[in-house]
Structures are given as structure tokens and as C-alpha cells.
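Here it is: the structure, laid out below.
For clarity, chains are labelled A, B, C and D in written order, and residue numbers in each chain start from 1.
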Amino acid sequence: MTFREPQGGAQETTDQPVPVADTGTEQAGLDPQQDPGQQRPEAAESSARRVLRDVLSGSALLSVLAVVVSLLIGGVLIAVTNPQVITASGYFFARPGDTIVAAVQAVGSAYGSLFRGGLIDFSAVGFVAGIQPLLRSLGFATPLIAAGLGIAIGFRTGLFNIGGQGQILIGGALAGWVGFTLPLPGALHLVAALVGGLVGGALWAAIPGVLKARTGAHEVIVTIMLNYIAFYFIDYLLGTPVLQAPGSNSPVSAPTPTSAQLPQLFGSPVNLGFPLVVLLVLAAAYLLDRSSLGFKLRAVGENPSAARTAGIDVKRMTIAAMVISGVFVGFAGAYQVLGQTTSGFSNAFDAGIGFNAITVALLGRSRPWGVFWAGLLFGVFQNGGYTMQAANAVDLNVVSVVQSLIVLFIAAPPLVRAIFRLPAPRGARA
Amino acid sequence: MKLELRGITKRFGALTANDHIDLVVEPGEIHCLLGENGAGKSTLMNVLYGLYRPDEGEILLDDEVQRFSGPGDAMRAGIGMVHQHFMLVPVFTVAENVMLGHESTKAGGRLDLDAARATVREISDRFGFDVDPDARIEDLPVGIQQRVEIIKALSRDAGVLVLDEPTAVLTPQETDELIGIMKQLRDGGTAIVFISHKLREVREVADRITVVRLGKVVGQALPTASSTELASLMVGRAVELTVDKAPAAPGADALVIEGVHVYDGNGVPVVNGVDLTVRAGEILAIAGVQGNGQTELTEAIFGLQAEVTGRILLHGEELTGRTPRQVLDAGAGFVPEDRQHDGLVPEFTIAENLMLDRSDGEPFVRRGALRLKRLAAFAEERLKRFDIRAQGIGTPVGRLSGGNQQKVVLARELSRDLRLLVAAQPTRGLDVGSIEFVHQQIVATRDAGVPVVVVSTELDEVVALADRIAVMHRGRVVGVVPADTPRDVLGLMMAGEAPQAVAA
Amino acid sequence: GQAPAPAASGSGAASGSAAATSDYLPCIVSDQGGFDDRSFNQLGLEGVKAAAKDLGSQYKEVQSATANDYASNVDNLVAQNCNIIVASGFLLAPAIKSSATKSPSTDFAMIDDTSIDLPNVKNVVFNTNEAAFLGGYAAAAYSKTGTVATWGGIAIPPVTIYMDGIAEGVKYYNQQKNKNVKLLGWNADTQKGTFVGNFTDQNKAKTISTNFLGQNADVIIPVAGSLYQGAGAAIKSSGKQAVIEGVDADIYNTDTTGAKDLVLVSILKNISVAAQDVVEQSAKEKTFDNTQYVGDLKNGGVGLSSFHDYESKLPAGLTDELDKIKAGIIDGSISVSSKAAFN
Amino acid sequence: MTTLETSETGALVGTTGPRRSWRVVWIYGVLTVAAAVALIGFSRPGSATFGLQSSTDLVSLPPLVLPALPTGVVASLIAAACTGVAVMLVRLDRRQPLWLPIVFALALVVGLLTWATAGSPQTVPLPGLLAGSLALAVPLIFGALGGVISERVGVVNVAIEGQLLAGAFTAAVVASLTRSLIAGLIAAMVAGMLVSFVLAAFAIKYLVDQVIVGVVLNVLVLGLTNFLYSLVLVPASATLNSPPQFTPITIPLLSAIPVIGPVLFRQTVIVYLMYVGVVAVTIGLFRTKWGLRLRAVGEHPQAADTVGISVGGTRFWNVSLAGAIAGLGGAYLTLAAVPSFTRDVTSGAGFIALAAVIFGQWNPVKATLAALLFGFASNLQNVLGIVGSPVPPDFLLMLPYIVTIFAVAGLVGHARGPAAAGKPYVKG
């Protein structure tokens, strides 16, 4: 028997001559361990060049570049629809410079607002005031991270939970209902409402889990259908005294009682939801990487038949994964009602988080901390987008276009490398 | 057709899988490639077949240099290949698989299935195959699938035929038939490259033998060389080809199987009233052609089959109706037949795979939490003791060679206090060195007083390991015979003849 | 030309006139329907634009895509130093409430909601059922088959208030004329009826309308923003002699999809007028007047549009009857009611 | 033991317990009991009238009047009989024939309709009910065909929604500009294809997870079309968003068939294209060289590669073709249904189409039936609303989704997709 140093290639293979990489999720995302270089001695290369090469092929740089390309494309959208640019382009051939200047100005000031609104406002006085935008962004990131974690846990178990919308709606509504109807004292009120949210999300997610385990019904179909059902169900409840604000005839709930709201921290725009979601990230990381349950979930996700042979109850894990997924997504729902739209919610308080969370989970490569950073990125963009719209009249849709482009480019490092003519990482297969 | 490879070099990153390999195969010659797992045989053949582009060297057919940009070119040039892992679409019929890639069509691009059926029948008749062109591949036993692969290669009039470990999954009879076919083809002028780890058949069929090690040709041999000579040439050291084992000291009845039936999804019995007893400290080998209920029987023991009737007792404890978890907890160890599908999670690390069936409690889990340090220490120890060749315990198992993957399964199963070991096809596809190791481990387990069931389609293995042999046919036990039963008797039993009838 | 009309681009957000003469800054935020909904968001924006033009000021518009956007959009407008923020739709009420509490120096006009009671919030609501009463009456009078139909986007008060009014109008017609014109798609007593389930699915809107045509309805009143196009398309492909009534805006004027010739009349909810008035008033007067504005037939906040092309095809005397009914509603001699009505 | 061996396939009845799933039977049983309770226990007075005729029929058929209680009893009995047959078949270990769920569903639907509309002055127009179902199903069917092709060749297509939406947008714009419906159709196909190109390029060349690309493309297309709609189409709707519209073409003899004739054969060109599409894709997939290669690539790409089929190429072009077909579904929305594009006009149809692909077990005909079932349930909800049903509208709106879950959980169960779908193929 010989032993040769195994190659740390990007694709794992079985012992077939033509390898198939079958976990695509592994290919992409914000993971620092991407593209591990291979230990081939490169005698010919000078060490300085090697360092440069490592930096240029590193994944951090690629992620930054992916954002840059996406912003550039978004910039084109901003420029071509900017009134000043359009005016200037009217006499483009006479004075092309005007068009370019106008375009650069339009895009520059739009992205300036995006930065100012989403991250740091340098014009504000003092550090605390300066980072207010970032703190607000955390508020938008919170439900994305929570729901993204839920979706990611599903992915790791081989389940595609498209049902975030429904789980958020049911979880949030239950959190709200608990808040309205159980006037518990002090912190208990908030705790009960939060638990309501988690339970609601878990229950709604359990349906596809149980159906899949018992009947084999595909979770993609069932979760899609349950989104609609949840939407109409909440819509119905908002027209009944169960959820409708007393005395109102709009399908909007009463405000969340103050004692059931997630309290603001130190008078900042951040509420308790953010530290809680950090705890959730830790919990998810612990669950997936350190716990027996997570081990079994991952085993089922990667190879259900081997898991079954090794005595792991695949059906139970399927249900468990959906329930846990629902708990995380349910937190996002509870957050929406107890921390975001606290002055009363309508039937659309899920705010598209259920779907954006899929993207966040994918961008984060279904790894808890990856999801965290991806959620943060999306939160910053979302929050900055509002300022960009208010200050520069840039349509919010530009933000969603840029966000989706970022995901695409981050997922395809070779494309970004090709765009910027960067070298391939050392040791990559020819 | 004459095949010549000149200075073929193929690198994967830093690894040189083929290092300036030269090879000449004359028309009408069967040329065997020998080499341990990972020596570079499959890689070389994949280069020949246009799947890989060589970094250096050239391929000549009838003394003309060839440029292959893909398998299509190679096939057009007259090369046919039967791959180590079957390249058949499971949900297609035989005819569809055979025609795939060079379909004949009727008006409007519609498939001419009749033509394909005719081709299948014609080749089947020529070699005495019994293959139904309309059978779906996934319904066929592997032996027949192997024939389909050959029909596929022949349907294109291959002048050079490459057979990469075609006998790994065949029964002795099927192997004999295949050898007959190869000889027939050779006599018709086909140049054949044959890869196998089974020295017996290599010596039987080869006209010339080339031995590859570490990507280099290390020597040529003639079929007259002894198995021991060939083995040591391959591995670079002396190899024990027979299992060195003391006579068994069987104890009390340990595993008792009574009237067990297993039904498939359609309610058809696939195991049909099996009674067997295995005693502590003995190896019962279950021989039989693939697909005669052995797999289902082992799965039934482990609670992996849905419809099982009858009784299975381990040390008096009822196993029927138990979940896999409960059976494992009762002290049973299982080496499943398909290690990649049922035995391992390829994306998991070696360490993680080593705790796969102990994911619930001690020693690796306490209060729901993994004990990673303990696992690491355990894995390091296993890695050493089982000589698992890998960068470390963090290497994903999918990156290991087949032999090393099998060692991971064994290392896991043999690390518990076993009260039963069931090993199905424990050495499938392994090279002689690995086989030696695996067999030693199984015998050692027996010697520790554990009842062992070995399921194998490999008569060599059955004979080498067994203390008693049960032969299965069509879901029934044809008979249980002593280990020294002659091969031809076993062969007939595998075909369904009762032992008395055979003896008579 | 001159002042590059910002909304010439119809932008999701725009700021107005470069040559501003007033530094008063009116702003508007849409709900998730967006400003191109051919309905109340669009009308609100038009009102703000008109006011800005009158005042010679700039204006800002921000559009919401999801429920998450409301609070931030409103807060960002406050941060942009808007003097008054028009909130288009009841969905924004919670966000307005919290923002208005936080920023007492900014004024707000809250359309279609009465839940906020703050000195700097003026609620702007419409008793659309009064106008819808006329629309229902006209539909019943116009119908030759004796069947008219209505359907909605989602069952929310701004929608069902129309349907209630229509139902009463049809009933009134039947009483007056001793007829038995049927109204399909809404039962005012049980508050149950036909809805698309959203405001975007034109194909479903068309299918629903086709179903109504199959029931011999020849006047269809879709209460669902731009989904009226589905009804128009249904009539055209059925080849039947049927018409639609518009809601909110006069869709005879706004339609660009070829449904114009099918518009019998539109039931107007003059959000644009109301928004313009509120903005201009608060710009001119020093103190913000937060008294609730209720648009009704009397003050012209709601009404019936012109019959345009159908003027000549109406049953004799209908316009006079409508005038009489209108007067009756205004003076209270004809009572109207809706579970969704304000006052 | 010897007796057990006598039969190869199914004589072991009852002796050793069940082997076939009783799931179907359970579903039948539960539904039958529920139906009996509602239709008989809570029977409503009066009778329901079913119109069989559409306005332009040549032959006139009298409407069908069904009294509520007797119809409820009969429907319940038929449902019970179907349940009985299902029980028998399971015990006999026989396959459940396709007609059984159809008869069962028909009985329940007729019972339900009669119950819900009993005493209503309205007639339930059967042709209208069916025509509406078809109209709602058309974009779903195009989307599902695209989905079937794409997944059969091994690329999971979550981007159907994006393809439909891109098709709808482009069709409207191009047809408006050129005043040509054909140009609109072609443009829709090109747009769907462009979305596919991105899917294919990222999935095949850059090996990005196909689900990621699909999910993201939906967001991207929605964002782009919303953006362009607001900023470009709305200000210039007369030139950019006023396409001509397809008018229905009546096929002479076929359209004279009672009830279904007018439903199926008084349709626009796009719908006829859809009929052709379903047939062509079905034949193509299972009878031609194209389909054989396509399926081989989706099931076992290495096997296809080793016989000289280019896996990447086959995937790329067929995913593109899938996009083009889905694009046609989009064109239906803006050129046939309503002659203009509006924001998010697909309203989730792509996701329903995705469900239909899986529900239809990756088979074009079954996926079409699944889409039709969905369309039927949606329109049933509409019709129930129109004839006045006692159920709150929100619950009626849930109907199609609930029906789908029941059907998937009860009748389809575990579905096996193409083996290699979703897995990027890497050559050595």
C-alpha cells in the first residue's frame, strides 16, 4: 500500500475517476476557509510574489471585489435613470464629459447615502451619533440572521425550508397574541411572548417535517403551500377580535404592550433582539458542531442511508430539523412583532424576511457565523437603502438587485477572478 | 488494433498519478495491469479513454498518434472501456444504455429502439449472454450489468477494449464466463487491457502483465509467475496471501435465526425462511451469488428492512422488530456491503465517521454534547492501529481510497465491545495488501470469542475466512457445509443445488 | 425644457423642482403597493406634487416594498427635514404613530386611518361608500341583464367600504324601481365575497371576472387597484357587452391598457385633492390643524366621475336620479352605512 | 414455507401483514368521513344548478339540477365505494389505478359544490369553471414544462418565477414597441432564456449551488422588473406597455364538443402552443435521441460523459430551452391574459409551477395535471365565492394550497427526482 499526500482540492471525490462534487453549498459563500491553498512547493516563485498571489487569490479579497462589482452594476442602474444624467446625455456627443460627471456624481452621492445610512455617518457629531446607522442596521439584520440560521439548519439536514414566510407569520402572530392576552408581570411577559413566537414557528415548520417523515411529501411543496395558508390565516385572524386591534376596523393588530416589547439597549436603536440573535448564532454553532443532535442532523443531511445504518432515526431527525428550523425562524417572527413593528402589525409583517433568509443562509454557506455576517451585510444594505431612497431618490429595488448580485458573485470566485484578471489560487487543479 | 502509450504522465496538483508510463498492447493480446490501490491504473485508462488530458506523452493506435478531446473521440477511434464503476444509467433499459451516445433514429429524431434491441440481441447471442434488451438496469443483478457494459463497448466495434476491475463484483461462474468472452475477443483480434486485483484470474487470462506502482511501471511479468511473486512486485514487499488462522474454538449458540422472511416493497419474499445458527467464536461465511437475499438478511438483522417475520435472537435476546439503534446497542457490529452508500458519510471527517454509530451516548457524547477531545484521541489511536493512510483525522473520508475507507468502517465497528460482527463484502475492490489486513482483523475478532458472519460473493474469501459455510440461493439457505468443502461443490450450491444432491 | 420634472421619470423616489421658491418640504411615503398602483398611492403622490407645484417647493417621495420599510422610510423622511409627511394607506399607521410621537415638530397626514390621535397627525379618511352607493345605483340602472358584480383585492376596509356602498346602491335601486338586480361577489350582511387575495395577480383577476361574466353580469366593479385590467381583458375576450366601473381614480383618464372604452364611470376617492389641500393648508397656515378630514359627497372628497363615452348610452334620467340621490345622501334623507365607514 | 413460495408476486396476502402503504386508504377514509359528515350531517336545503352550456354553444344543453341531500348521499356513497376499492386493492397488493383518485375527487367536488351552492339562485357554470381552471393553469404549465426539462437534465430550477416574470416583462415591452405579437413571444422566450443562461453559467461553469442561483435570480428579476416598471414603463406606458393582445381562435369541429369543446378549443395561440408543448416535451423526453441524452445527463452524468455526450453543453442548452418555455408562460400573462405588464404580475406562479414539477414526479404530463388541479382548485374557490358560500373568503383562498398538500401527502408521497439533479458535474 502506498500513501500519497491527499490533495486538498476544492471538490471532494469518491474513488471514481470522474469526481462529482455533490454539495454545491460547499462551493460558495463567506467562509474564511475557502480555497485552501495546496502544499505544492513553488520553488520558482519568489516569496514576495507568493504573498501577493495569496492575497490576490484570497477569499476575503474576492468577497470585497464581489461587492464592488455588484455596486458597479447597481451604479449603472442608478446612473441611467438619474434625471441629471438623462439630461446631460441629451447632448452627449457635444459634451460627453457632462454625462460622465453627472453619472459619477449621481452614483457617488447615492452610494454615499447608502454608506451614511447603513454604516457610519461621518457628518454626525461624535462617535455614538456616527454609528447610529450601523446600530439601526443591526435591527434589520437581526431577523434575517435568526431566520437564516433556521433555513441553514434545514439545509444542513438536507431539507429546503422555503416556508420562512409562513413560520414568521405564525410565530410572530402567536407572539403578538400572547403579548395581547397574557398580561404577565415584568420580564415574564416578554419571555412568554418570545416563547410564543418560537412555538408558533416550530409548530408551523413541524407540519412539513411530519408530512415528509410520515408520507414522504416533499418539503418544498408543503412549505410553499403553507406560506400562502399562513398568510390567509393571519389575514383572517386580523379581521377577528383574536388579533385585530379593539375598536379598529383595519386588519391591523393592537400595538405590542410595552412590557412584551424587546427593550432598547442603553437608549440606542438596538434592542434586546440583537444580543439574543448573537446567542442564537452561538446556539446554532453549538448545535451543529458540538452537539450529538447536530451531528445526527448533519449525518442525515449528508448521507441519510449511512445515518440510518448507523442507528440514527432519519425520520425523527427530519422532524427535529424542521422543528428546530422553525424555532429559529419563529424568533424572527417574534422579533418582528416584539421589536420591529411594535405599534401594530398587518398581514405582511414578515416583510419578505422568509425569502431573504434563504439567500442569507446560502450566502453564509449554512454556517452559523457565515449566516451572521451575511445577515449583517444584508441589514446594512437594507437600512442604507432607505437613506439612499430618501436622499437621492434611488428606488429601493436597486438594493435588492445589488444584494442578489453580491450573492451570485461571491458564490462564483472564478468569475470575479476573471473579471479582475486575478491569478488562480496556488495548487488549483489545472 | 494495436495500442501504444508513450511516456504518459498525468499529474493531479502536486501528485503524479502516472509517471512516464509506456505500454504496448498488440492486437489479439490480453494485457493485464497490476498494481495496488491508487497505483494509477484507472488514471492511465482514463487518459487513454479521453476522460483526462495527459500532461505529457502520446497515445498511438495502429502506430498513429491520436488526439482525444473527450471520450467521444476515443470511442470513434475504436477504444471501448468497461469502467471500474459501472457507467450505466440505472433507470434506462439495457437497449437504451447500449444505444446512448450513438443512437440510431427514425424520422423526426425518434429513437429507433428496435435497432438497439437487435444490436443487444446480436451481441448477446454471439457470446451466449442472456440479456433482455428491455430490462431496466436497476432491476438487474450486477453480473448482468457487467455484461451490459461489455455489450456497450462491443456495440461500437472496439478494437481496443479496456476492462477496469470488471470482476470485482462477479461470482466465480460469471468471472469464468467473462474470461471466456475475453479470450473469444482476443482470438478475434481485439487488444484487451485487463485490470484486476485477483491474481488467480490475472494469471489465467493474461498474455502479458505490467505492474504499476506509485504511478510508474515497475516491471513486466508473464502469467507463469506465481501469485506470491506478483503480489510482492505490486506492493513492494512480501504479502501473506492466505489467512493465517488457528482452528476455531466455537462456544455456545450466539446468533440464532429462525424462519426469517424478508419481503420487498412489493411483498415479494427476498429472504424466504432462513434458519441459521452462529456460535460464539466462529466465522460463518454466507456464500452466494449477489442478489440472493444475503444483503437483505444482514439488513434484517440490523432492523434495516421494513417487512421481516420470523425470529432473530442474539444471546437469547430478540432482535426482530428492533430499530437499528437498538440492535447496535445490543452489541452488534455491521460492515455494510456498500461502504460509500451505507457505511460512511463521505463529507464527514475520519473522526466523525468513527463515531457515526455512537452518536447518542458515551463515550463520545455526554449530556447531548460531543466530546471532541476524546474523539480526537480515539481517532488518532484508530488511525495508527488500523494503518489508515490519510493526512490526519480531519480528512474527509470521501478523499480516501477505497481500501482506506473500508479500514475506517472496520476501525469503527471493531472498537466496540462486540457481541456479534456482520461483515458484508468486507474486501470488495481492495488490493491484496488491504485484503490481508482486513482478513486479519476479522479473524482476530473471532478469536476474541465474537460470533462473526461474513457475507461474500468471493469464493476465495469465503474459503479463506470461514469456519462453516452457508450458501444462499433465491432467498433460501441451500445448505450449511464445512469450510473445507470443495470449490466446485460450493459453486453448484450457489447455483441452487442442494448439498446431498451434489454429494450424490 | 425648464424644471426637469422629477417625476417625469416616475421614479420610486424623487425630489422636486430645482427652482424652488418655497423651502416648505412636503413628502410622501407609499405603502407596499408602490406609487404606480393606479390607485391611492398614485393619487396621494399626485396631490403632493400638485401642492409642491403650487407652493413652488420641492418634495420627496419614498416607496415601500415590504412592511419592514415603513418605519425606516418615515424616519428617513423626518431626517430629510420634511415639514409634512403624507402616509399613503392604513398599513403605515403604526409607523406614523411612533414616528409622530418621536418627532413632534414634523406634521403628518395619515390617509385611510383614524387610529392615531396626536397633535401633529391629521387623519384623512373617506366615506367612499357614499360615492360607491351612486356607483352601485348606476351599475344597477345600466345593467341590461339584471346582474352586476364586484370583487376585491384583499378584504380590507378601504376595499370593503366600496363593496358595502355598491351593495346598498344596488339595493336602493331595486327598492326605487321595484326591480331585482342581483349583485354578485359581495354580501354586505355576512361581509363575505370574492377576492383575488392580492393586488398583483392579473390572470386571476381576469378569471374571476370571466366567471362573473358567465353569470351574466354586465357591469363589473373591481376594487383592486390596477387589477381592473384583468376585468377589462375578461370582457374583451368574452366578446360580451359588459362594462367596468373604476375605483379611486378616474380610470378613464389614467388607463393606458386599452380598457378605456369599457369604463362606464369611476367611483372617485379624491385622495389627490385631499392630499394637496392638506399640504397647502399646512404650508400656508402657521399652526397645523389636526382635525380629521373626512372626504364625503358633501365636501367633494368622494364622488362619481363623468360617464365620458357612456353619457349618451345611459338610461334616461339616470344622471338626474344620481344627482337627487347625492343630495339625499348629503342631507341625510338617504342613509348609508358601512361597517368599514368612518365617522 | 413451501406454500409461501408458490406465488412470485402476490399470493402472500394477509398472512404476513401489510406491505403496501395504507396511506392512500387513510386519506380516502378521512375525506370520505369528512364529506359524509358535511354533506349529510350538515346538509343544506334546496338544490344546486349546474350550467353545462357556454353562451356560444351550438347545441343547447339544459342545466343540471341536483338536489343537495340526495346528491350528498350519492357522493358520499361513491367516495365510500372508492375507499372500499382502495382497501381491496391494497389488501390484494395491487397498484392503485389512476382513475380511482379521479372518480373519488370528482364525487367529492360535485358533492361539495352542490352542498355549498344549494339554495343559491346562481347556477354553477361548468364550462366556465373549467375554462377558468385552464386559464389559471396555463402559466403554471409552461413553468412546469421548463422545470421538468431543466431538472431532468440535472439542473434544479428554482428560478421559474424569475423566468416567467422576465418573459412577461419583455413580451409586453417588445410587443408594444413592435406591435407584433410574434415578436413579443420570441422576446419572452429570449428573456426566459437569458435568465436561464445565468442559471446555467453559474451552475454549470462556476459550480455554484443551483438552489442559490435560482433563489437569487428570482429576487434579481423581481427587483429589476419592479425597477424598470416604475422608472421606464409607467412614464411611457403608451409606447412601452400597451401590447396588442392575442384573440382566441376557435377550432371548427373540436370546439363543438359539449362542455369541454369550448373550454379547450376556443383559445389563444399561446394555449395551443402549450398543448403542442406538452405533447412535444413528453414525446421528446421519452422517445427521442434528445430526450434520451438529456435524461442520461440528469441521471448519471459520468455515464453520459463516457459515451461522448458533453454534459456541460447538454445541460446548458436544455436549461436555456427550459427558460424559453417558461418565458412563454410569462408572455401568456401579458399578451393573452391582460395586455400589459404590472408589478409582480406572476404573483408566485413560478413557485406553484415548481411544486407542480415535483408533484408531477418530473413527468410533463403529470406535472400538467398537477398544474390543472391547482388551477381547478383556485377557480373552484372563485366560483364558490361567486355563488355565495358560507365559508370566509380567507379560507376559500387557502383552498388550492390545502388541496395541494393533501394531494402531495396523500396520493403522491415520496417522489424520486432525477438522480443527479442539483449536483454540479466536475470532470476530472
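Before moving on, here are some points about what is shown:
Simple rule for what comes next: contacts are C-beta pairs under 8 Å (C-beta built on N, C-alpha and C of every residue); 3 or more make two chains touch, one makes a residue touch a chain.
None of these values were measured; they are calculated from a predicted model.
Set side by side, A-B and B-D show the greater C-beta contact count at A-B. Of all chains, B has its CA centroid at the greatest distance from the CA centroid of subunit C. One inter-chain figure worth recording: subunit B and subunit D are separated by 44 Å, centre to centre, where each centre is the mean of the chain's CA atoms. Per-chain CA centroids place subunit A at a distance of 31 Å from subunit D. If you average the CA atoms of subunit C and of subunit D, the two centres end up 35 Å from each other. For subunit B, the set of residues that touch two or more other chains comprises 46, 51-52, 83. Touching two or more other chains at once are residues 8-9, 11-12, 63, 65, 155, 197 of subunit C. Shown for subunit D are the residues that touch two or more other chains, namely 226-227, 230-231, 302, 305-306, 392, 394, 397, 427-428. Listed by chain label, the pairs that touch are A-B, A-C, A-D, B-D, C-D. Taken together, the subunit A residues at the contact with subunit B in this complex read 1-7, 9, 12-18, 23, 26, 38-40, 286, 289-293, 295-296, 298-299, 302-303, 305-313, 427-430. Listing the residues of subunit B that touch subunit D in their complex gives 46, 49, 51-52, 70-73, 75-76, 81, 83, 86-92, 96-97, 99-103, 105, 108-111, 152, 259, 261, 263, 265-269, 272-273, 306-307, 309. Chain contact summary for the complex, subunit D toward subunit B: residues 1, 4-5, 8-10, 12, 16-17, 19-20, 93, 283, 287-290, 292-293, 295-296, 299-300, 302-310, 419, 427-428. Across the complex, subunit D meets subunit A through its residues 23, 198, 202, 205-213, 215-217, 219-220, 222-224, 226-227, 230-232, 301-302, 305-306, 348, 351-352, 354-355, 358-359, 392, 394-395, 397-398, 401-402, 404-405, 408-410, 412-415, 420, 422-428. Touching subunit A in their complex are the following residues of subunit C: 4, 6, 8-9, 11-15, 32, 60-73, 75-77, 79-80, 90-91, 93-95, 97-98, 113, 115, 154-157, 197, 339-340.
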